[in-house]
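The following pair of complexes shares a single chain, chain A, combined with chain B in the former and chain C in the latter.
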Partner chain A sequence: MRCGAGIDARQVDELAINIDPIQAGGRLTADAMKAVIAYGDGYSVCDNCRKPNRLDYITKPPIAEFHRDLASWLNMDAARVVPGARRGFQAVAHTYVNKGDPVLVTSLSHYTEFLAVEDARGIAFEIPDDDRHLITADATAAKIEEVKRESGRVPVLAFIDHVDYQYGNKNDLKSIAKVAHQYDIPVLCNGAYTVGIMPVDGKDLGADFVVGSGHKSMAAPAPSGVLAATAEREKEVFRTTAITGDLTGRKFGIKEPEMMGCTLMGVTLVGMMASFPHVKERVKHFDRELANNRIVTEALRSIDGTSVLSEYPRKHTLTRVDTTASFDTVAQVHKKRGFFLSAALAEKGVVGIIPGATRVWKFNTYGMTTLQAQYLAQVFVDIAAGNGLKIS
Partner chain B sequence: MVFSAMYTLTDLRVLLRTTAPSHALNNEQRAQAERLLENLERQVGSLKQEMLK
Partner chain C sequence: MRCGAGIDARQVDELAINIDPIQAGGRLTADAMKAVIAYGDGYSVCDNCRKPNRLDYITKPPIAEFHRDLASWLNMDAARVVPGARRGFQAVAHTYVNKGDPVLVTSLSHYTEFLAVEDARGIAFEIPDDDRHLITADATAAKIEEVKRESGRVPVLAFIDHVDYQYGNKNDLKSIAKVAHQYDIPVLCNGAYTVGIMPVDGKDLGADFVVGSGHKSMAAPAPSGVLAATAEREKEVFRTTAITGDLTGRKFGIKEPEMMGCTLMGVTLVGMMASFPHVKERVKHFDRELANNRIVTEALRSIDGTSVLSEYPRKHTLTRVDTTASFDTVAQVHKKRGFFLSAALAEKGVVGIIPGATRVWKFNTYGMTTLQAQYLAQVFVDIAAGNGLKIS
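Coming up: the complex of A and B.
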């Protein structure tokens, strides 16, 4: 079945349980799929755009209301939709970072946070993670002092991951923000793995900015995301244009330079909006997701030689495991080598781990039913037992 | 009616996702599938009438 020349219809999630660590929270809801069908045309949300001609002022479909709801839901004062979390990082970095400015990131930060700093010509300084792979307030304070000592300057911005992408570990952002604020450093909470997955209260966390990813965690099409700010920071990052054409004298109303005017003008936005009521509801039941994760993680831990590298008990469904002393010992002698595991999983209708990975790899159980979690857990155990590994 | 039929198919698609990989339906899911397929047949019937009259 094809949906265009050379484009096969994608039915990964219809045919299998998909445990890809970055795809789980972005799977569309039924309502988002329906919105995508109706709003696929380019400028589909712009039919009723009227003065002052800005996306977040459109009332039909209710985009203005969605923006207000987004900000309120995150307990922030203003929000804009952006083409992915990375564009949120970029807007904030571009607002606060000048050439040579020190900026705090972490040793577990996503590459796009580094690129945002680089794009603004800042210098990235990494707060180290500890032996549990967590970023702490103490490490943050120590790094700020180190930057002060070495560069003579205080960092102008801090990018802190609420949950990091490598281990899925949840950092104590509130304590970290408290330390940063003692040095007057604004804090961007990278909620790419939390906004839309679990409750996020920006003000309680002490964040100046909360960034979320629509396609990673809000059941929305890519690229989509949200940048929310406090009232104080809103005026800075969402400032309006002041430029005038020297020849024509043209001005551009209330367009926002950091947003490059309007951002998500069609299917990405309505997909995000259609999923939003479901997303608001699902974050209240994150405990169910953790329970499903526990079923799978416990099954993996029952395979001798397997360890969980993420913090344990888990506080997030994205989980990193080490199977060097279990599945990788099978790979050493198996005719398919390292590909035996992904092949065996695929035979059982499970996809999403990197083909060939048998040492350190990640999976995500978010969004699966309990029956699917139980099935997945049994599949791991069966593959292990079938290849001579001991189950405890 | 075009959208109604496509939306019914979308609901069936989501049912496939929540029951992957075996697609073994429990009683509740079977009843839901039956209802959706009946709706789809009705919607396709209406489309035929409207477009081919």
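Coming up: the complex of A and C.
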């Protein structure tokens, strides 16, 4: 099937078990799919936009209510939707970071956090992860002191990943935030892998900001996301416009410069909203997701030479494994080389790992049924055994 | 029908003639609707993302080709998709504007252009429109000289609307750009109302940047848009990241900080792409759109006391009218007050003007058939006559 313009209809999640590390939490719910169809048109949520003319004030569809619900669900005081988590990072960085200011990130931070710092003309300082690939409060304190010593400045902002994208490890954000706050450093909790996946309580974590990704973890179309703030920080990042026309004297009401006014005017927002009741429910059952992940991860561990690089037991379904001493030894002699693994998986209806990867790679079991997890576990073991690897 | 979460299915353009000023160019084509259904899932265009891992390098779906086509269609050297025209303004402002720098906008500029200036900490100076509500080269030259005189600085950037959002008037961008370039001021052509609506030749206009809106004028879902640049400016606004991790030494390849890396990862981009062949075709037939607009506008002019505030004859289908001396005289005595007009239109299957507006208001005839335009013209005349207004 084709959609015109040389675009094939995508049927990845319809036809296969998709273990792509970044796609698992973004699959639309059926309600979101319906909403996408009804709100495909540009500016489709603006039919009933009335004064003061801002997206988060629209009551039909219930966008205003959704914003309040989002904030309270994250236990924060205010929330806005943004075109992807990265645009939340950008807004916060741009509010606090001036040219040359030091900003804390981590040695496992996502590139978009670095770009937010760069875009704001700040300088990024990485808090090192420890040998378990976790960011600790102690490492945070040590890094702040190092930055102080070397630059004479305290960092003006800290980007801390709730769960990092490389290992899927869950950091103790609460204790990290406590340290940062001793230096009056506002803390942005990057919840791109947690908001919409597991319960996130911003106040309990001590976050000044919680950022989530709609298309990564909230079953929403791209680009979408959320930026939530405390009452104290809300006034800063969501400050309203102060610019005036020098000639006309025009002012621009309650538009927010860091949001560039309204953000998601159609399908992306309505998709997020339609999925939201399901997302609120699913985070309560993250234990089931971890149980499924364990089925798959244990199967991988049973293949001699395979190790899990992520913390273990897993606290997230995004998992990094090292199969250099297992699948990669097969790749050395297989006629398909490294592609044998993704090819063998595809033959069994499993997609989503990078073709050719047989050393260090990631997968995500989020959203699977237990039956699918059992099937996937068996597939990995069968491929291994079928290629002469030992199973213990 | 409901989409869950209290969201009613939207059926505005299915059930009525929609003359909303900002929605007319954003209605999806049938191909875009198919694409939206197939690419609703988050990160759905990323299945075949390979090194160097940037959205505009993906060949399946043909995103790379689309980017080349977009640039060449606008007669510019490079193009990127962005989450709305406003994010294009933001990227350009952020590249050229430092704190306190003077920036040219116009007395008819959209609020998002002001926000872009504010966000970059610049100061906005408005070029005045003349009594026809047009921005001229002379007024541009005078304003630059005034800014020079009063601030001692030459503006660092000019935002010029190709067609403004208030009157739908078409500015002589070419002569304005010529003046700006005499002062070495880069010119951003705001094509939110033209790119996707009528032919736009960036080089011919002398634009350093052309910005378009997907959801406003390219039959694409929101938020989407395009930022195109000349070869000279491409290196500046699309510069690649230079930041490194102080500890890990990580670099981030060819990601672009002003784009925050990848921009539209799913439904928004694929919707734009699927509509693109239709959009390329429709801009060639803008004369038909103007002919339809004329049918409606002439009918309005035939209602005694009604005047067209936009330039006449129209060069764009977005039109501003003053009915203070016609429909508003009815509103003064009608039991529905100002709401009589939108109610009467709705009864005849016409939606999209602000409920209650009977003085100065805007409509857009874009995308209508001639039959629909004739019907709409008659509806306006009938409502006027039915309420005792004189038709000449």
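Heads up, the rule we're going with is that the second predicted complex is superposed on the first by the 392 of 392 C-alpha atoms of A that agree within 3 Å, B and C clash if a C-alpha of one lies under 4 Å from a C-alpha of the other, contacts with A are read in each partner's own complex, and residues count from 1 in each chain.
As a working rule, contacts are C-beta pairs under 8 Å (C-beta built on N, C-alpha and C of every residue); 3 or more make two chains touch, one makes a residue touch a chain.
In this text the structure is predicted, and so the values were computed from the model without any measurement.
Asker: Quick check for you: in the superposed arrangement, does A:Asp119 touch first (chain B), second (chain C), both or neither?
Answerer: second
Asker: Does the superposition put A:Ile37 against chain B (first), chain C (second), both, or neither?
Answerer: A:Ile37: touches chain B and chain C.
Asker: With both complexes overlaid on chain A, does A:Pro83 touch chain B (first), chain C (second), both or neither?
Answerer: second
Asker: Looking only at chain A, is it chain B or chain C that touches more of its residues?
Answerer: Touching more residues of chain A than the other partner does is C.
Asker: Per the contact definition in the header, classify A:Gly349: touching chain B only (first), chain C only (second), both, or neither.
Answerer: first
Asker: After superposition on the shared chain, which partner residues are touched by A:Asp13: those of chain B (first), chain C (second), both, or neither?
Answerer: After superposition on chain A, A:Asp13 lies in contact with both partners, chain B and chain C.
Asker: Between chain B and chain C, which residues of chain A are contacted by each of them?
Answerer: The overlap between the chain B and chain C interfaces on chain A comprises residues 13, 27, 29, 33-34, 37-38.
Asker: What does chain A use to touch chain B in their complex?
Answerer: Within the complex, chain A touches chain B at residues 13-17, 27, 29-30, 33-34, 37-38, 348-350, 369, 372, 375.
Asker: Could you list, by residue number, the parts of chain B that touch chain A in their complex?
Answerer: The touching residues are 3, 6-7, 10-11, 13-14, 16-18, 20-22.
Asker: Okay, in this complex, where on chain C does chain A touch?
Answerer: 1, 3-13, 20, 22-23, 25-29, 31-44, 46-47, 60-62, 65-66, 83-84, 86-87, 89-90, 94, 105, 107, 109, 111-112, 114-119, 123-126, 128, 213-216, 219-224, 241-248, 250, 252, 255, 257-258, 260-261, 263-268, 270-271, 273-277, 351
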